[in-house]
Amino acid sequence: MKPDVLPFYALSELPKVGAQCHAWASDLFPICRSLTGPGVRHTLSYLKELMPLLKIRSAPSGTRAFDWEVPKEWRIRGARLIGPGNEIIADFANHNLHVVGYSVPVDQELDFEELQVHLHSLPELPDAIPYVTSYYEARWGFCLPDNKRRTLQPGRYRACIDSELVDGELNYGEIILPGETDLEILLSTYVCHPSMANNELSGPVVTIALARWLAGQRRRFTYRILFIPETIGAILYLSMHYEPMRARTIAGYVVTCVGDDRMYSFLPSRSGNTLADRAARLVLGEICPNYTTYTFLDRGSDERQYCSPGIDLPVASVMRSKYGCYPEYHSSLDDLSLITPAGLQGGFDAIAQCLQVIEVNHRWHATILGEPHLGKRGLYPTLSTRESAKHVRKVMNLLAYADGSVDFIDLCRASTVPWKEAASMLSTLYIAGLVEIVDDC
Amino acid sequence: MKPDVLPFYALSELPKVGAQCHAWASDLFPICRSLTGPGVRHTLSYLKELMPLLKIRSAPSGTRAFDWEVPKEWRIRGARLIGPGNEIIADFANHNLHVVGYSVPVDQELDFEELQVHLHSLPELPDAIPYVTSYYEARWGFCLPDNKRRTLQPGRYRACIDSELVDGELNYGEIILPGETDLEILLSTYVCHPSMANNELSGPVVTIALARWLAGQRRRFTYRILFIPETIGAILYLSMHYEPMRARTIAGYVVTCVGDDRMYSFLPSRSGNTLADRAARLVLGEICPNYTTYTFLDRGSDERQYCSPGIDLPVASVMRSKYGCYPEYHSSLDDLSLITPAGLQGGFDAIAQCLQVIEVNHRWHATILGEPHLGKRGLYPTLSTRESAKHVRKVMNLLAYADGSVDFIDLCRASTVPWKEAASMLSTLYIAGLVEIVDDC
Amino acid sequence: MKPDVLPFYALSELPKVGAQCHAWASDLFPICRSLTGPGVRHTLSYLKELMPLLKIRSAPSGTRAFDWEVPKEWRIRGARLIGPGNEIIADFANHNLHVVGYSVPVDQELDFEELQVHLHSLPELPDAIPYVTSYYEARWGFCLPDNKRRTLQPGRYRACIDSELVDGELNYGEIILPGETDLEILLSTYVCHPSMANNELSGPVVTIALARWLAGQRRRFTYRILFIPETIGAILYLSMHYEPMRARTIAGYVVTCVGDDRMYSFLPSRSGNTLADRAARLVLGEICPNYTTYTFLDRGSDERQYCSPGIDLPVASVMRSKYGCYPEYHSSLDDLSLITPAGLQGGFDAIAQCLQVIEVNHRWHATILGEPHLGKRGLYPTLSTRESAKHVRKVMNLLAYADGSVDFIDLCRASTVPWKEAASMLSTLYIAGLVEIVDDC
């Protein structure tokens, strides 16, 4: 019954999801998300349509979470900045980045000079509306292109923000896909930024595509897939679940900035050498050998929480253009034209391959002393060409290092055989009885 | 009685063997060796004349050996390819490379086009007869220079090969030189290629020279020295002896391609850091600091078997120009002009020095706290010159690292003292009571 | 009472000592020191005036010390080399380097040719008087500039050295500054060279400045501070104290060549990775990132004894221009103009910072799971600027690696926060209850 126990259930072809992901992102783009509020709920409901296993959870404002507590819920209905001639300078209805996130309500006239402290623009990106928030201090403000700002004249302005900060709830989504073991893989993305594409929507749409794909696979491991507001969401979730997560999580990835097609980036876990890191380096080294490597000191998303001392989850990030490192970051220029079907597909493929590698990451042991006689098993080419010689050489290299002391990742590294070829060859050798699995990772 | 137990019995001057080795190779060159058959026996008998301790062993065709079995014995008496005008195109009597090794008997007329599949030549080396074998599939064929092949005209050809494949035996040679301990050093070379020099005869002649030299030395270790057909010979021998070999072998070398004088090459064991590897890197680093280093993935001789999982012998290769990496490899251009007395001497010296290093590879410990007062023992120069200062500095560096935590090889590395100087200095210090041996390796 | 147990008692500003050190060196410069004799006693008495805790110890000639014994005491009252025309060629009264150290007494006429073996000069530094000694063989000699030597004419010369070698004593100084624990830090400098500045006086004057500074600090560790003749002094001292020193010493520095301002140099301990080495690399990496690194093979002072097998103290050297590596070394050109107040201050600062780092080298552990909410503790800037963001980022990086697995030195390395900033931040975090000390080093 060997084929039954053969663990290469993860070796199926990866689905084409790039165009679909882009369409989903287009649907979700206009929604005004923040840490809390209707925008998050709207987004999670949309995702639940795509993946009914997603559970939408909530925690009330004021809930304690480690050193933090859940903030008040922010609701915004509209906002306008009106100029001295009654012209509309910025309107929330046109772009939700025009309002500083978590702005307190205001309806006030004020002079040009008084207004300045409430305005935000980017001289270095004069056409972009910047993304600004003030989660933990009561403020209000408007964001606008610097080119626009520089046209403003002295006079009386009116600022109207129809928002409220109320005792409400924080929402997040959770999908649990049980596997053959309790050991878990974590995928975590965030749903707390308004209309931005690479540094927001690429994360949830690629993550939901991963969840849909994984749901249809035989899974050695259990998958915990989270859609949360950044920082407070991760802290809240960990405060409720960190003990079992710490005990069971063998690898995880923060899924963010996986939508453009300019490069691949890797940000390691704090320790830098977990299974998540090792799988990511193997996969990225094959997909894009000159991918950009950052250090944990460059971190900026929820690995800040997942990898913190005492939590210590093995969580890394595999990205396209990393947050903070591309010019359109945190502005209205990070829009739907920045992410592409090919870019999203690439982000999906990279993370999916990491998961495949982890699924097949067994320790292998050759069953035969000395080199096996491949010819008598039909595993040696009868027609000897350069390509067949290379193939046999790779098989021999895999067998040479299959001594049970290294896992699949290190076996690929030692033998220099690309991981998909290695997995396929080991599958063949396994059916032929020439290798066995000596230890699950 | 300290000088008695002093272990530097391996520090004698190395003998001059290069010219002798070349003469032996010239004698052995014409013999048509293969995996089995009279050529191997003829070769082994010649070597036994040089070293009567060599035992010629045999195993019948069909003997099981791990995943393999001993093939039928191949005997060839003659072979000719005759052209349309009755001219002789290729004659085994002129060069034994003209016949594909293990060719089945044939006596057949065939057209020019039918003939092509049975012909082998090298367009990139148009004057060379290539070396081709078909051990594990029934074939026949002729090998010839490409320049010759391109002169062939359409017409009827006659192929005559007077060979047979019969139930016979496989032969190999074995020398055991007992030492003061049961711990063993393995030397293994092969005797299965027809008339080629660097990639065949350099191995047996240098190995027999090593055996003759070792037989006259006081030996701390036991030496197991093998002359076998490649692959099947190693597999057969291991299948009979691998358990004691695995328990006792502390280091070993495959002796191959040790005859030209163009470079030195090193191919590590599978683990890459065994005593055999460490000794070889120390010695080659001194003999030829820019020696070429390969990886185990570049392997091609019997380290494939010796280092395989479950066998795990600490076996590396110290070579001159490595098989597969010089233009004349596996062709009639690998002839007696390619190997030189200087080249063979260099191959002998490199391996002999590795063995010397292993023989003296003790852990040393300084007996005196603080630096010793060398002057009062006559070990400090009375006339102080730059050279004597260097000498004393080296002695002090050896003593500084002689803390019993490292073996001789690492002591040489840490102190940067060349190994022969280090051994000589330690010998002096040992007699003076300033160092002691705290642990045999 | 947390501030009470807060261990940053070493974070005080370092005193300005450079000018003072140079003045002390000027006072001590004319004294004719050697291994033994009145010059050493005179020097130690001067230092005791500066630091009354210094104890002046002695051991009689002939005292056994490991493999050595204390030599006879050398006393010199005067010496002249007089030329054929009665002119004075070299006079000890003008410069004590004119006489070979430990010269036996002589009053003798001799020819120009006979004289040569007793003369020492440096053709490559023709204006310099070289520094020459003959401690362990009875000799006499004069040293003079090569320019002077080349003017000498044939004729009768008279050599007068009014010296004696008598059973006397060897003297050394010792300061013990008790700390809160018995664990010790060793500082060792030498007082055995005549009138030279960088390679002699910079060591004792910086060491006495360090002792005076340390005496006024709260000290976690006990300091053992030695002023000894090189080699025999270290061997003698170790022979009396090595067992408790080996048990208690956590780090140490040989203080030598700390007076010029041309560069910083580092010579590691034998093992190369002790606490002394790690602290020195951290400090020098911040003070002077392109400092010169030597290996233990370049050693030349009392680390030869302190690091010898069986003694194994964790002792390194932090220097300005290293002995043997600057042109004026061991000659009259190594004078008071070579060392500067800035150079001495730099040497003092570098070693003092190493001691500060060792004093604060605890293992830290964040007390809160996930990132702490710095804002509510007033530790997050209310006005967000680029500089404040960098500050918070550094705090977060310290906290991210404060998992109790690494000490302060490695925490600085992992977080890339300069050590003084790191110590200051940890102090703030400690008072806020966000970090705790989990293990003393």
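For reference, chains read A, B and C in written order, and residue numbers begin at 1 within each chain.
Just so it is clear, a contact is a pair of C-beta atoms (placed from the backbone, for glycine too) under 8 Å apart; a residue touches a chain by one contact, two chains touch by 3 or more.
Please read all numbers here as calculations on a predicted model, not as lab measurements.
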Chain contact graph, described as a line, ring, star, complete graph or other shape: complete
Residue-number overlap at the chain A/chain B interface, same or different (half cut): different
Chain A-chain B separation of Cα centroids, rounded to whole Å: 54
Chain C, residues touching no fewer than two other chains: none
Complex contact set, residues of chain A against chain C: 65-68, 136-137, 231, 234-235, 238-239, 242, 270, 296-297, 299, 304-305, 307-312
Complex interface listing, chain A residues touching chain B: 365-366, 368-373, 375, 382, 396-397, 399-404, 415-416
